[in-house]
Amino acid sequence: QDSLNGLVVGFSQIGSESGWRAAETSVTKQQAEERGIDLKFADAQQKQENQIKAIRGFIAQGVDAILVAPVVATGWEDVLTEAKEAEIPVILLDRGVDAPEDLYLTSVASDQVKEGRVAGDWLVNAVGTEPCKVVELQGTVGSTPAINRKQGFEEAIKGHDNITIARSQTGDFTRAKGKEVMEGFIKAENGGADICAVYAHNDDMAVGAIQAIKDAGLKPGTDIKVVSIDGVPDIFSAMVAGEANATVELTPNMAGPAFDALAAYLKDGTEPAKFIITESKLYTPADNPQGEYDTRKGLGY
Amino acid sequence: MKRSLRPLAATAVIFIIAYAASVVQFPGLLSTRVLGNFLTDNAFLGIAAVGMTFVIISGGIDLSVGAVIGFTGVLVAVLISWLGIHPLLAFAIALGVAALFGAAMGLTIHYLQVPSFIVTLAGMFLARGGASVITQDSVPINHEFYSTLTGLIIRLPGGGRLSFIGLLMIAIFLIGALLAHRTRFGSYVYALGGNATSASLMGVPVARTTVQIYMLSSVLAALAGIVFSLYTSAGYPLAAVGVELDAISAVVIGGTLLTGGYGFVLGTFVGVMLLGLVQTYIIFDGTLSSWWTKIVIGVLLFLFIVLQRIIFAASAPGEKSPEKV
Amino acid sequence: MTDSPYVLEARGVTKIFGNHTALDAIDFGLRPGEVHALLGENGAGKSTLIKVLTGAYQPDVGGVFVDGAPVTLDNPLHAQTHGIGTVYQEVNLLPNRSVAENLYLGHQPTRFGLVDHKKMEAAAKTLLERYGLAIDPGSDLGSHSVAVQQIVAIARAVELSGKVLILDEPTASLDRNEVERLFEVIADLKQSGLAIIFITHFLDQVFAISDRVTVLRNGKLVDTRQLDSVSRTDVVRLMLGKDIAFSGATDLEPERPTTDVLLDFKSYGRKKSVHPFDLTIHKGEVIGVAGLLGSGRTEMARLMFGADPADQGTLTVAGKPTAIRNTTDAISRGFGFCPEDRKAEGIFGDLSVRENIIIALQGKLGWFRALNRDEQLEIAGKFGEAMDIRAASLDMPVKLLSGGNQQKVILSRWLATDPAFLILDEPTRGIDVGAHAEIVRTINRLRDDGMAMVVISSELDEVVAYSSRIVVMRDREMVAELRGKNINPGVIVQAIANSADEAQP
Amino acid sequence: MKRLHLERLANPQLLALAGVLLINWLLFPNFFRITWQDGRLFGSLIDVLNRGAPVAILAIGMTGVIATKGVDLSVGAIMAVCGAVAATMVVAGYPTPIAVIAALAVGIACGLWNGFLVAILDIQPIVATLVLMVAGRGIAQLITEGSIVTFNDPALIFIGTGSFLGFPMAAVIALVLLILVTVLVRKTAIGLFIQAIGVNRAAATLAGIRSRMLLVLVYALSGFCAAIAGIVVAADIRGADANNSGLWLELDAILAVVIGGTSLLGGRFSVPMAVVGAIIIQAMNTGILMSGFPPEFNLIVKAGMIILILLIQSPFAARLFTRQRLVPAKAGPK
């Protein structure tokens, strides 16, 4: 661990668009501090060009390593090549890139398709053979998690003809839009009576949807099942109240494994596994939601 | 020095002072690598900002440029990667589509007398929506022509690189400056921004010029989109969100008046470089959190504007305080 | 010449705005080599006819003919290609561009497709020298006075006019010398066979250079006459449909007793603007301000009104020391100010005539004592009638009124505030003979009612007619105060000239 | 004058609203169904009012700004700041009224800052407010430290989700604000002065209008409205989402004002019509939601609708319309 002490590491973060993202940033900063790393943080405000600028800036400064949470999979080859030429190891966080594997040390990420699949599998188990009309709250149109989580969920419910996706709209990953879209779905599906479950691409939208369901006089978690992804504190408190049924955790601690891999590499050149996949753990009310809420509360979500 | 050039010089001086101050703090900023990056990383913004300069000088605004950049990237990527069309032909198609798009906006603005703010806002929705309809995913481009273009790099001593797109941006700025200051079209643009009624009574072809201005802006935005696709070797529907605001900021920082009639294409260049400097400074600092980054950008924007205001007050002919006309 | 064919002709032209017929079946013909004066009251339709003839407006009925052939002029550029050069009313150039560019916009000399600035500026320099202007053609047009801008506009139109030159009130903001110079140019052009339309409200100028006159009234053609067959009174009668009496005053009004001092400016001035001056103004007294263009008259007016606050000297209003820091202060002390640049500083183009009239009164009343619609209509109606404002309705946008009527609206705006002291900057500029006489009468009446006034005017006859004293400005300095008997325009011109001579080293 | 006739015949804004509602009804036959449920009205139409309220509130303030020939890009960011202030204060245990008043005060302060830049420093409105648009969201995130501050304060939640006489609180607040502001501009001279400044600021100053002060106040009102909208939105989701609250809503607000017939060149304005504009936009959004189109078509549909609405309102359409009216008039008596 000490091998990282005093190193300068650049971290190009996407931005601060959600609570989960803020948690990832603060966990990364915590991890760096614990290891005595001087972390240079750059917020790209959702823009790939800013991330590229940041990486180039880090190279110009001569940092010892670079962490990057890429906003999109494509377009990294040139800048990663530059980093390689400058002999600076790069580690990708929370999603991969479309670039030759030798351009980065390792990629620490979750499997977003799997997250969707886990959520879908849970629903398949929960409804059994009963017919079930699902409404889907998509993430931002075109964003990678939205595409992957949709795909995974669809894979999971394939072959279970009793489960159909009745409506699917974007809630932009936000609570407010999640609520608004859910309100519309409820009106469109016979006052919500026809809806069996809502699948939200993230917990924030699910929290909004839960409020919309309550406002319509229905019971979230009972009348309409709620399944979502991320595992932010608020969804656990909803679970405590019996208003959410399942969430798939996406850990904000991507930096921990990344620093471990870096330390090993710098110490004796150990090549880490190319893809370090974080766990996509399913949480249901049976998993002590109150406890989960308490442990997560201070993480900056 | 000509009186009207003073704001331009002022902006340049502000840039130099700001750069010098940053270098004192982070000596690493003074390297050919950083300077080369300035050009490469801001190439697409700079090219789009040239078009925006013309629009703003003519008294309008174009909110669609970011979306056109995104749309063009997707279109080019799809044409090349999915349909196997040669990049050059794909570029031509993309520029042609953009020209039609800009012409449609110009025609609406002129003949329907709808403010440009609203027309180009609708244009922004349309282009962004069009891109996501084509594909939601980001589409990688793997074509040797692309590798050739991105491989065109002049290496400078000290690790710096002058890239093809960086040089293209400089060329566009020079052509833009020539177009603005040395052609009849350019004088019509200034005339429209100065006083559209007078311009029309003086025989300026208002309809044609308006259409040309928005065509120019859209075509340059499309070129910026092509540059962006070269920069990232991909097309992505959500690319360059909000770039229109960066472009407007660059134009305004460069000394062009949003009310129209005054401005400098080369001032916009300095504006782009200033924005790039701010970002690079923040990266070199590396201690700012996400929110402090936004706040610092806002504060710097404010400082530049106020500084300029003070210098303008002494030099700009047209912008008298309305209170004291 | 009399029977030579028309180069430019309007046949049966009708132009309707909304429900107002601005031109009603007008026939108008222009012959080569003639100066044709187009006359009429404010709002008679002169400018509209010009705009139809030059493609700025399309006629609703009737047509335009060039050299006897019908043409459809889509826009002013199109008219330019037919050799028609125009100076529209109000200076319609581009203050943000250089003088040279204003002269050649659309026709800049090019080299390899690029504008050749050097050549253009050289050509501009020679061109302007013809008009006695030695200014830098590379400087922004906006940095020059209105008079210079007007000359540039004329020079541009002359350059563009192969056949026809149209001048819509070109002399409104020129001084005597400049008018003379313009007339020389016109005489030259006429000699070379150019046809010229000349619009003005100065009858002297009409008689000085015109060959024929056409008179419009209320959008209808009254008559076209050979100038040598009509007299001044005939022309006025044709324009107004009635005779008017000219006030024949040649003397100053008697000075008022000093006990009624209303305002006392002591070493009042503003750095870089107006040299400190002393001026005492009594109730019921009109101070005329004379001076050449750019002599600082307007700046002095703005200073008195607080639009540019004074930074030296003191002011006593009705015996009490008073500081005027802004226009609101001035208005609350009973001041009023009709600015010189009507379009830029006077009217609210998109607001109605009614709102334009009550706005200063409302400003005085403040935010919360709003006049309701009926009160507004009553006030506006009262002044509309008293000032004879010609508007289809009090609710129409004021920008659609003719210039003269707009001027009356602004005058009404201030009279509605019942001011004790009124500053008028060029109140009769661009106003027809009838309205002119009316405004002069109004000034006389207000003076007799006890109002104090400062009136700036370039028309010395008029200044003499209503002033009790005349101050002369030069180089932003008050250089003379003329009082007593036997003051006439000649004496004032002499005073202006003397002060200029004294100042010469 | 002809425009007047046209407007008397059928107000284009109301025409457009009717059109959008009609399309929604065609897409979704239950659109107009309203039921009474749990002491409140329930139905899509009510949703339109409820969801349209924040933009309507923003548009009320924005109208004044645009009438002075300005524009306020910072309202979205001010929403985020004020929502964050209210939420963090109730979470910290301050009484609800104090938190709300503090949030409103912050909104007014932001507006005063904009007004100061525009009126005193004479910076062009679009750039002046761009400063706060960029920095404001940062300030909001600074307050919430990037996370969503969730609260359970019933009084604050009531502002967002409660109902009054069966109508959603947000809509009621928007309506009250609309009435107050309309009365303020119609019954005092302020409306006239705002128009005068928008048409000709130099002339307004010479006519004795305190244009600087009025400009500052207009921006302050816009900030105040943004604060209300920010509180409403936060209360609605029981949390202050500094990252997304009000994001891009400034564009919707401007659009609403323009659809409401107020020119971006200043001058004549109508606050009620701007609110109608906001409702049109929301009805459009709701229609898109209910239509079941895939979301990637949302923006295209929206763009198409905007173009259509602008076409209906453009002087061009008015001319087409009135040319037909003019012909018989010309052929008529005389």
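Per-chain numbering from 1; labels A, B, C and D assigned in written order.
Assume a residue touches a chain if its C-beta (ideal position, glycine included) is under 8 Å from a C-beta of that chain, and two chains touch if they have at least 3 such contacts.
Chain labels with UniProt names: B = Sugar ABC transporter permease YjfF; C = Sugar ABC transporter ATP-binding protein; D = ABC transporter permease.
The shown structure was predicted, so the numbers you read here are calculated from the model rather than taken from an experiment.
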Partner chains shared by chain B and chain D (touch criterion as defined above): A, C
Chain whose mean Cα position lies farthest from chain A: C
Selected interface, A-B versus C-D, where C-beta contact pairs are more numerous: A-B
Mean-CA-position distance for chain C and chain B (Å): 44
Inter-chain centre distance, chain A versus chain B - centres from mean C-alpha coordinates, in Å: 33
Computed distance of Cα centres, chain C from chain A, in Å: 71
Multi-chain contact sites of chain B, meaning residues that touch two or more partners: 132, 136, 289-291, 293-294, 325
Overlap residues in chain D, where contacts from two or more other chains coincide: 141, 145-146, 202, 205, 296, 298
Residues within chain C bordering two or more other chains: 307, 344-345
Inter-chain touch pairs (all): A-B, A-D, B-C, B-D, C-D
Chain D contact footprint on chain C (complex, rising order): 16, 18-19, 60, 305, 307, 327-328, 330-332, 337, 339, 344-351, 355, 359-360, 362-371, 392-393, 396, 413
Footprint of chain B on chain C - complex, ascending: 56, 75-77, 79-80, 86, 88, 92-97, 101-102, 105-106, 108, 110, 113-115, 117, 138-140, 142-143, 156, 160, 307-308, 344-345
Contact set on chain D toward chain C in their complex: 1-2, 187-190, 192-193, 195-196, 199-200, 202-210, 267-268, 326, 329-330
Of chain A, residues touching chain D in the complex: 16-19, 21-23, 25-26, 138, 141-142, 167-170, 172-177, 179-181, 183-185, 187-188, 204, 207-208, 211, 215-217, 234, 237, 300-301
Touch list for chain B against partner chain A, complex: 26, 28-29, 31, 33-34, 37, 41, 44-45, 132, 136-140, 150, 159, 228, 231-234, 236-242, 276, 279-280, 282-284, 286-291, 293-294
